[in-house]
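Input: one structure, supplied below.
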Amino acid sequence: MVEEILEKFREWIDNRHEYAKTWKERTGNKVVGYFCTYVPEEVLYAANILPVRILGSHEPPTITEPYIFAMYCHLCRDCLAQGLKGRFSYLDGIVEGQSCLHLRQAFNAWRLHIPIDYAHYIHVPHGVQTPRAVPYLTQEIAKFKQSIEKWTGKTITNEDLDRGINVLNRNRDLMRKVYEYRKLDNPKITGLEAMEMVLSSQMVDKEEHNKLLEQMLEELPYRKLDREPGVRLMIVGSEDDDRVFMKNVENLGATFVIDEHCTGSRYFWTDIEPREDRLMAVASRYVYRVPCPSKDWPEFTRIKHAVNLAEQFKAQGALVIQNKFCDPHGIEIPPLREALRSVGVHTYPLEFDVTVPWGQFRTRVEAFLETLTGLEELF
Amino acid sequence: MTEEKTQECWKWPEYRHTMPEMDWHDAKIVTAGVDVGSVGSKTVIMVDGELYACSVMRTGGVSEETALKVTNWALEGTGLEIKDIHYVVGTGYGRVNVPFAKRTITEIACHARGAHYIYGPTVRTVLDIGGQDCKAIRCDEKGKVLSFLMNDKCAAGTGRGLEVFADLISVPIQEVGKVSLSVDQEPQPVSNTCVIFAKAEALALLRQGWLKERVAAAYHAAMADRIVDLLTRVGVEKDLVTTGGVAKNVGVVQRLERLLGVKPLSPRMDPILAGAIGAALFAKALQEKELGLR
Amino acid sequence: MSEETKEYPTEPLKCWDEAKNLRRNYYEDYLTAHEKGGLRWAGGAWTFSAVLAGLGEDVYGITSEPYGATIAFFKDFAAQCHDATEAAGFPRTLCAYMRNYWGSILLDKYILADGTIVNGFPTPDFIWQDHICCSHAKWYQVVKWLERKKGKEVPMYCVDVSVGYALEPVEEYKVNYIVQQLSDGIDWLEKATGRRYDDKLLCEAVWNEIKTSSLWAKICALNQAVPAPIDEKSMYSLYVIGTLMKHKPECVAFYERLKEEIKDRIRRGIAAVPYERFRVITDTQPPWGFLKIFREMEKYGAVSLGSLYTFGLIGTWEYRRDGTWAPKPLPPKKPKTREEALWAMVKWTLNKPEWAHFYQPELKTKMMTSIVKQWNVDAVLLHYNRGCEGLSLHIAENRLGLLEAGIPVFPFEGNMGDEREFDFTGTMARLAAFFESMSLKKLKE
Amino acid sequence: MIAAGVDVGAKFVKVVILSDGKVLGRAKAPVGFDVWRSSSDLFENALKSAGLSRRDVGKGVVTGMGRKTIRLRPPINADEAVSEVIADAAGAFQLVPTVKTVIDVGAEEGRGIKVDQGGKVKDFVINERCAAGAGTFVEAMARALEVSVEDMGPLALKSTKTIPMNAQCCVFAESEVVTLIHSKVAKEDVAKAIHDAIASRISSMVLRVGVERDVVLIGGVALNPGFVVPLKRELRVDVILPEYPEFVSALGAALIATNI
């Protein structure tokens, strides 16, 4: 049962484009692609629009060369490549919620070179630690709501917004519940499975996703993984949807028990607190959520959060991943490693690119695991 | 130039060796370490934790065959056969392709352990310059890894880089290091980090009429710089030692010495064997564990 | 070259030494601030430095990008800084200025404008920064972190300005978002420094800052003359004053004098380079360690008149009704109150051309195209600058846009602050090929 | 008039002798350290093969990355040296007057050149660091694979598998190759992955200037079918292969000499 559900998640990821196309035909509604998790999907759900995250395919993004200088991260180039190759041809619009320069570039290149009916950029504030951010973002989101209304010709009521808020909050709550089972000495799901759960929730109708999560949570307590958990690992850093890497590492006698990145827990960790002013409620969530490092200053709140996760989920070691050229995460590597080290969590940094050179990484990861388990008895 | 090329200067000599005064017949534990590297493969046979026989050869296209070949070569004339070996540990890039190995351990752990054996317990920093990558390893007095770093993506500071270069200036790889030291004044290091571009740059220098020696110096200086970058990132603690093929290249080692102000210890045996030695030592420990001796 | 090329008279700038002194004193004042009983602040070249004027005359700053560039200019020290930063575990792909700056802290060494290296990096008393690219605030967040490791607590305030850019005035609520942060910031400054804040000084400083950026634009506009009175290489030493002290009266006075001198050069037909046959503009910061590329260009009779970067980093411009791109005239009246001052400054600053391409490549292309037309430019040299994620943003789009407008473009990769990423020989070979393709041959020496 | 073009490349010197636009002789030899010796010897050979002597040659133009490093003597003189970009365009235009895009892939360098109807260079791109030329790459990989360089291309064509390699840096790619070898991927598949990687690297570079038909592929690597096939696929256009792709640059130089 759990297995079938996990299989379904995998299937959704592998056939994401077919899913979106059929969803469109079935509902007759619009599908919008978004680049960063700072896009308030609540508003889109309120407008009966299906938001799907634009992600790469991990093939060398040759065709982006004329549009994006290769000193920007592979994610933004790989995303654009998908568009240029026409894989997202079914999209009615694209939206970006301001985070890093890289994805902004993917958004602009898309807007300029790929025929699209609707493109909107939300200037999500960077100063999320200032008291002025919430009222400002509330107005930015109001502007976004108006442009959606103009585009669809339908007004978005408070009831609509509540529907959107509820389906996202529900999804967040359920996925957090699943994560609880990763705290166990013998986790009920692997890191790869957890990643596939979160990834699929960024690709399909959350109503459907929630149904499966509910079923899964009934069965999960009785699930027994036929594998030794081995070393308990955390994976923390830049956007990461590299399932091959997760699988390979977990085959080396380790299990990822927690993650901190925007295709994992960072995406769903924070709920919306209900308020009379719905838009302000939404704005507050995106201001106070677990931040992307690009917005996390002057205090390193994300690092504190990552340390808490590492402790709660009893991680022995952490792989600190940075997508090559991802400055927001790159800048935080030393403070992050220091903070994790201070609570006894050893770390190892890995620089990810569009494809991960497993041969080299295998040696590093294995050696890192050896230093954690110590090969003690052999000295 | 063309006939010079056929000399294949990049080819470093393969060899095997048996310790004459040693005998395995009354040994308690015979172990082997097989280090299938990206460029070279090495096997070390140990009797009761002492080096007995070893062999070094180039890694072939099929690593299983190489593993078998290099090991049988090490055993050649000793009367031992693979089946007689109590425990075999595989390491190196191709460690998973050593069919007769009971277990694999990474070259990081093995090089630290091997360096400890070759250079003694004062070793704290191990620099392994292999064919394809360069590792800086910090270890404790037992030869246990504390932390490590591997070079990222740039092979200019590696054996492969040297091979390409040796070929270019047609000086046998064993001698490029010495040649690079025969300049009275150190030139600017070649600026490029990429092997191909570094080579192109070196070629340009040669064509401007630079002497091989001077070009070699510029290239080795660049290699040393790159390696120091890596070392400073893990932090150098005395004693520093070098392992791997390039450890035999005086041009690199002496420059490292100059740049770091630390004199690397001199090895009591071929440092290219460090990985295999470490593996063989781990094999001994593992065998003892199986026999309940530890 | 058989055909005769006209030779123009040239002569060094009279303002040269003044610029040098202003720059030298700037770094020394920061160093010796405490001896003068003053305060030290650190922040970016784009930060709202005028706000700090309200704390008194004796508040001495060091702006991060120019400092990073100063380091870059002295290659050996720059290399030490990179190594130190990489040794501390930071990736080498980060902003090169930032890595230089951190390296200087990690090495605990401070470099003066003339390259003199002083032991001990002078810790700022507080940080006053703004944030538009991914690095601005993070830069100082790490500075704070590094100083804390040395046992020093440096209070930090940072203003988020990432509200976007539009050629027409931006929405009030966006301006308001920034103004509110600034007035919060003033309260914060009073607490952090224990000083009383003087709004009169603020109004003066804001007015100076506006004048500075309007003046600099006027100076750049003078370079439309043929032959060009100054080349970009000289501009670097002149616009930098604005990046250091745009809100100070000295800066306004200096630019006034400079403007007059340039007018005079034009009157007397004094050129920047003796043989001007080919006019180019560049883009983004240059590889500071290799300004000799401009000398190389002169050998072909090519002169760089500047760039959107040198024009727009400090200069403020606008589109006139007739469609021409021109220096933005001063606002109707000088601000009288704190509120007025902050609003005036924010509205003015949000028109900074260099902020456009953070959001819309089309706008940057439009401005570059205008420069090409109005300054009689023959080609654009785009520096794909690996050292600056911010200013290289969308640069590939600008290349496409310029080509579409029929403007020859020569893109070259490099790094403003990390010489390891700039291949001088290779680039010069490619540039030669480009000039050849423009049928431009080397002049006889 | 009889004109000569000398192309001093990274690995080979090539010479073309022209008589009023007709090719009289062609010659090619590896570059020694004494570039001047090797190139002038070759020059003599080329003349001999055309039954001529230096005296018969009216003008000569030298090109190629080594052009500055060779000592020149009449009929070839220094200030007539032209960059590869110009020579490539001239040569390709002569052979294919409809050419709009020239792709030149040599041992160390790759180039993409856009030309107008008159064969004049409109825009061009040359690989910058960390995107090294294909020739040396294939060599290094051939060594890793224990296959002769000549067999690499044909071997690659045997495979239908696609293994993505992030080969921005070819040496980094080599470790990926070694990994593939160790994980027992068939040699032909690895060979294909290698050629695909080069093709994607070159095409991503050429795409910067834009690909407009007709596209002409020149340079030594054009002789390697294992590279041509994936390149066509990546660029999504057909490419024209002239008969002597490695001589086009030298031909261009000779043509320029003719027109001086």
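Which chain is which? They are A, B, C and D, in the order written, and residues in each are numbered from 1.
Simple rule for what comes next: contacts are C-beta pairs under 8 Å (C-beta built on N, C-alpha and C of every residue); 3 or more make two chains touch, one makes a residue touch a chain.
Only a predicted model underlies this, so the values are computations on that prediction, with no experimental measurement involved.
Minimum number of contact steps separating chain A from chain D: 1. When you average the Cα atoms of each chain and compare centres, the chain farthest from chain D turns out to be A.
This structure's chain pair with the greatest number of C-beta contacts is A-C. The distance from the centre of chain B to the centre of chain D, with each centre set as the mean of the Cα atoms, comes to 37 Å. If each chain is reduced to the centroid of its CA atoms, chain A and chain B end up 42 Å from each other. One inter-chain figure worth recording: chain B and chain C are separated by 49 Å, centre to centre, where each centre is the mean of the chain's CA atoms.
Chain D has residues 129, 172, 175, 178-179, 182, 208 in contact with two or more other chains. The set of chain B residues touching two or more other chains comprises 93, 133, 192, 197, 204. The residues of chain A that reach two or more other chains are 65-66, 351, 359-360, listed in rising order.
Listed in rising order, the residues of chain D touching chain A in the complex are 164-168, 172, 175-176, 178-180, 182-183, 197, 200, 203-205, 207-208, 210, 234.
Those residues of chain A that touch chain B in the complex are listed here as 351, 359-360, 363-364, 366-367, 370-371, 374-375, 377-379.
Chain C meets chain A in the complex at residues 88-91, 93-95, 131, 133-135, 137-142, 144-145, 156-160, 162-164, 173-174, 177, 180-181, 184, 358-362, 384, 386, 389-390, 392-397, 400. Per the touch definition, chain B reaches chain D in the complex via residues 1-2, 36, 38, 60-63, 93-94, 96-97, 132-133, 153-156, 160-161, 164, 192, 194-197, 199-200, 203-204, 206-208. Chain contact summary for the complex, chain C toward chain B: residues 83, 86-87, 89, 419-420, 423, 425.
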